[in-house]
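The following pair of complexes shares a single chain, subunit A, combined with subunit B in the former and subunit C in the latter.
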Partner chain A sequence: MSATPLLELRGIDKSFGPVQVLRDVAFAAYPGEVTALVGDNGAGKSTLVKCISGIYPIDAGEFVFDGQPVTISSPRDAASLGIEVVYQDLALCDNLDIVQNMFLGREKRNGLVLDEPTMEQMAAETLAGLSVRTVKSLRQHVSSLSGGQRQTVAIAKAVLWNSKLVILDEPTAALGVAQTAQVLELVRRLADNGLAVVLISHNMNDVFAVSDRIAALYLGQMVAQVKTTEITHAQVVELITAGRSGELGLAVDPGVNGNGAAPADSTTGGVS
Partner chain B sequence: MSITAVTKEGPAAVAPAPTVGSHVRGYWQRVRGGDIGALPAVAGLLVLCTIFSIMRPSFLTAGNFANLFTQGAAVTLIAMGLVFVLLLGEIDLSAGFASGVCAAVLANLITVLGYPWYVAVLAALLTGMVIGTILGFLVAKVGIPSFVVTLAGFLAFQGVVLLLMKEGRNISVREPVVVAIVNRNMPVALGWTLAAIAVAGFAVVQLLRYRSRAARNLINDPFPVVLGRIAALALVLGLAVYVLNLERSLNVLITSLKGVPIVVPIVAVLLVVLTFVLQRTSYGRHIYAVGGNREAARRAGINVDRIRISAFMICSTMAAVGGIVAASRANSVDPNTGGSNVLLYAVGAAVIGGTSLFGGKGRILDAVLGGAVVAVIDNGMGLMGYSSGVKYVVTGVVLLLAASVDALSRRRASATGNR
Partner chain C sequence: MRVGPSQDEIRRQNLGALLRYVHLHGATTRAELTNALGLNRSTIGALTADLAAAGLVTEGAPKETGRAGRPSLVVRPESDRIFAYAYSIEVDRLRAARVGLGGAVLDRRELDRPRGLSAAEAAPLLAGAVKEMRQALPADAVCVGAGIAVCGMVRRDDGLVRLGPATGWVDEPIGAAVSAELGVEVPVTVGNVADVAAFAEHARGTAAGCDNVIYLYGDVGVGAGIIAGGRRLTGHGGYSGEVGHMVVARDGARCECGNRGCWETEIGEHGLLRAAGRSDARGRDALLAVFDAADRGDARAQTAVRQAGDWLGFGVANLVNIFNPEMVIFGGTMRDLYLAAAAQVRSRLNSNGLPACLEHVRLRTPMLGADAPLIGAAELAFDRLLADPLDVG
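Take a look at the complex of A and B:
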């Protein structure tokens, strides 16, 4: 698909005190594609996402967004670039309805008064654009929705703002089979609508079902970013657990390993 | 289904438009699902009024009806402020004595220092605002639980009232404007005019809303329901104004006593303004959001600390309004103003009306309905000649009952996935 990445990270370092969580990470997300970000617990997936969304400042490295070098120092910067994150714990208010949740913090107003009809209409159009037909009424409280419906609302909230990059943190972790299929279909549709989508998941079936590329983190290093068609299930598991698989991943000799710069560069360079 | 109804293709795919029947069924379903709202308060009000009217015919007189308003006004006003704090899932135990402090400031400025009434009223309101700011700061920025902060405030303000009262003297308030708030009535014609304006205003807002939603093909309440709402308000207001405009004086030759007490439109205006703030502004929306899920609100870019501090400010300012009304009603301020049962009556009023103690659910109207229930209990049991001991016990039981209804309906709601 598109050759130039929407978001490109180069040489990202991030430490918490003495613990280095991200080492020289390179990462790219392409418009119209789903990039799966995989890695074991503690590999640095969430930290990387929080760096992208401006929650954590980075120690070193550069961001290139839409061809322009940018600095993201707060969630507001990320939002103004068009980066939206759907967190694992959804961040919806149970006591508000779907429209109210989708516009929370960014309400449309007519002077002082909330412009409810416009918000309801925009929400309806967004959900219709995502072909969501599982929601009965836009005015029902989120508490009455199923897990899959809540996830749908959270994703719709993220795409409402003409966002360009949507990051989904484990969107299917708590869902049943049918609902997982619904959400994955929605994820695929986001990419087909031209958005760059980053999907964090532990579930290899989900990853292979929807992603175009797979980026694997291992102990804070990006060990591979390859096309999904060019890699097997078993290889991904090896990358996640051991940091390398055959030609892919970290160099065999731990002496050459250094800070992991060489292997990460060679793999990502080969793909893009 | 409703999603397809509002796409640009037009109304071809419209879901079955809600009818009066489906509207009523939907409401009944919500009630059964645990979303009972103000239903217990309204039912309680009807039951209590029926009982008291049968037991004591003097309960059902125009004079006593007017008494209910003047007796319940101060507690209702404090309860209206408390709704903001309760919506956040916090509590303000100091609201009673905060109203006492503000009333003491008012009395000192008017009677002791001789300032005009508007300076004193402004100073009282400002005192409330400052108290609220301090409480809110301690809760939101320092991070002390609101229960502890306001319990400390409860004790400290009690002391402040004593200090302001120079060790327990009571200060009389004879300033005509302040005394008039509760003790004077509006001319009969003005009462009717204001009621007509209120109904007309409500009708215009409802019809405009109906039209703008219909124009955009959004799901609308059925038109008869909209008309029914307007008619219901007209009926209730008309009846209330009619009764209040009856002659209440025992001997018309000595003095004529009729008209709507001046405090009633004050409560009504505050009800409308605060309801507007909560339901129609983004500030109000953010209050509900913080009460529902503080972390979600924070991630949505809402300044949670600011919302929390401002809610305490509104609460204490409304307590100041309640204090002014209490001072007006008693024609004086004493060290017990805002003390004893005022706070519990106010919390009770908000909760009985349907405001949840768990946060995120409640309306200003709840405080008014609950305030009416509390006033009816207080008044009716007084007429029946029960001692204040019995009154306290009964009010406590009613508060507990309301809190149980809140907790149980919440459990039912989570079981049915309604809330």
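Take a look at the complex of A and C:
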């Protein structure tokens, strides 16, 4: 548990034409913690992630990474800072094996030829570091893997590059109970190994099972960012669907309080 | 006036500390050992030489470090040679394993256990598994002891299983029975499965470095292994941690222990299956089927899982308020229940827990998974070796 965030966003605005998708969004991700990003469909979760990963340029606002103000104008910038995103479709190639997938586009070379032994060793070390025991051989094709194993490979690929912040988009969607459990344990282990993890999920169970903080988006505004030990399931559902819950979230009349989008202060225990 | 420790005692202590370090952390350079143990270089050299002479560790040159200077020798535990037998007696299965120094499971056997099998009947089955494993044993292998993890209340002094409601055991001398089958030269230690699993997770699992831990282990019943201030809390006779029999409902369902409204009647196997309308089903697979059905949208299973999750949160809140742990680990069937109903567990815990106690509590699932009882049982056996390395082995 660390007091200083690895990534901090302040006052992020983003519009597509006349539609304002993100409004004065503040967000923070801490090393060693899982921050769950929740919100209804269209609340702006994916847009926010794409702004962080450099796919969309932001209209206004600032990024602070590791205490330094940074600008992220392309996915390459994000990758060089150590930000990796695992998208829902995983972006794995079925016809390649696990090692080839993990190093796809970033292969290690030894002179002119590919350095297969080093790549295989690095892949094995990464999987071992995550205590992954479900994958038998590193040379099997991804097409032969189960959904949970694919997710595991995609996550391992994201942490292979000494990344500092890993963003996971709905990693347990479309998985059965046993595989969901494995992926959740893997997500938790990433954070316990010291990474900052952002978990996007619709499943409140997943959110409560592994997260340390919950950030709720409602119609493009960050309505609350609170510690998971200070909130209940019902409150999160209210935040997602109505934008507020008791003293949390938007003020009763957003028009009166211009500061409605500021997240609730989680450090002073703003929860009753 | 108290006399200071003798040189012999100090040496024994240091040998134990060094061996424990490589046992838990794997291959370590002498330089790291010097830092970690706070002993000077020549002492580390002498201690490793003694341990190597006893065949407990080996020293070797490290891989290329690419740095200037003479590389420090690497001390490795003799994992292939020094081992302990570990048994886990569960409600539905018996497991036996050979665990090497350093904590690696070298070989394992698994047997189904018919419910109602007595200790005297279980011992030959376990001995049979050991006989099979012995055939593959390297010629110079040395067994330092055996540990047994059993679901039931275990008397610390002699390993007598006083009561295992789920197994139907009352006063079963499992330690003596296994000892008789193994032969006299192998000391046998018996522990409650939750205590032993907590021990394993604390030593080399997800709770490494945490001094206040509660490990909830569920199979048919629910028990807890409690580590307080870095020490295992076993109670006067060794029976502590029976949290499954904490009464949570005055007029609740009848428990196998004879009481009404025990916690495990709500979160244990029977309670969950009853709530899901599957009272005649038994076993872990039936339980997993309920979680699966809930995930696929079966309304009755969903209600049952949510309710059990809520009860789990109740009990955990009580435990957190009493013990103020930094970590609660959900093992056995509690892992599946926690992951399937975390929203309910956390919500209840957050509303019932005292804010100060909740502040730093982390909820985790075991890193060692289903192997925790076996590895913990082996740790029980290794504990004797680590206390006095040159005496055993």
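Some points to look at:
Assume the second predicted complex is superposed on the first by the 255 of 272 C-alpha atoms of A that agree within 3 Å, B and C clash if a C-alpha of one lies under 4 Å from a C-alpha of the other, contacts with A are read in each partner's own complex, and residues count from 1 in each chain.
Everything that follows uses one rule, which is that a contact is a pair of C-beta atoms (placed from the backbone, for glycine too) under 8 Å apart; a residue touches a chain by one contact, two chains touch by 3 or more.
These numbers were taken from a predicted model, which means no experiment stands behind them.
Once chain A of one complex is fitted onto chain A of the other, the partner contacts of A:93 are limited to subunit B, with no touch recorded for subunit C.
More residues of subunit A are in touch with B than with the other of subunit B and subunit C. Contact with neither subunit B nor subunit C is seen for A:122 once the two complexes are overlaid on the shared chain.
In the superposed model, A:208 makes contact with subunit C only, not with subunit B. Legend: residue contacts after superposition of the two complexes on their common chain; A:178 is shown touching subunit C, with no touch to subunit B. Of the two partner chains, neither subunit B nor subunit C is touched by A:70. On subunit A, the patch touched by subunit B and the patch touched by subunit C overlap at residues 133. Per the touch definition, subunit C reaches subunit A in the complex via residues 206, 288, 291-292, 295, 335-336, 338-347, 350-351, 353, 355, 358-361, 363-365, 367, 369.
Residue ranges of subunit B in contact with subunit A, taken from their complex: 1-4, 6-8, 212-213, 216, 218-219, 280-282, 285-286, 288-289, 291-293, 295-297, 299-302, 360-361, 413-414, 417-419.
The touching residues of subunit A, when paired with subunit B in their complex, are 75-76, 79, 87, 89-96, 100, 104-107, 109, 112-114, 117, 120-121, 124-125, 127-128, 132-133, 135-139, 141, 143-145.
Those residues of subunit A whose C-beta lies close enough to touch subunit C in the complex are 1, 131, 133, 176-178, 180-181, 184-185, 188-189, 192, 204-210, 228-234, 269.
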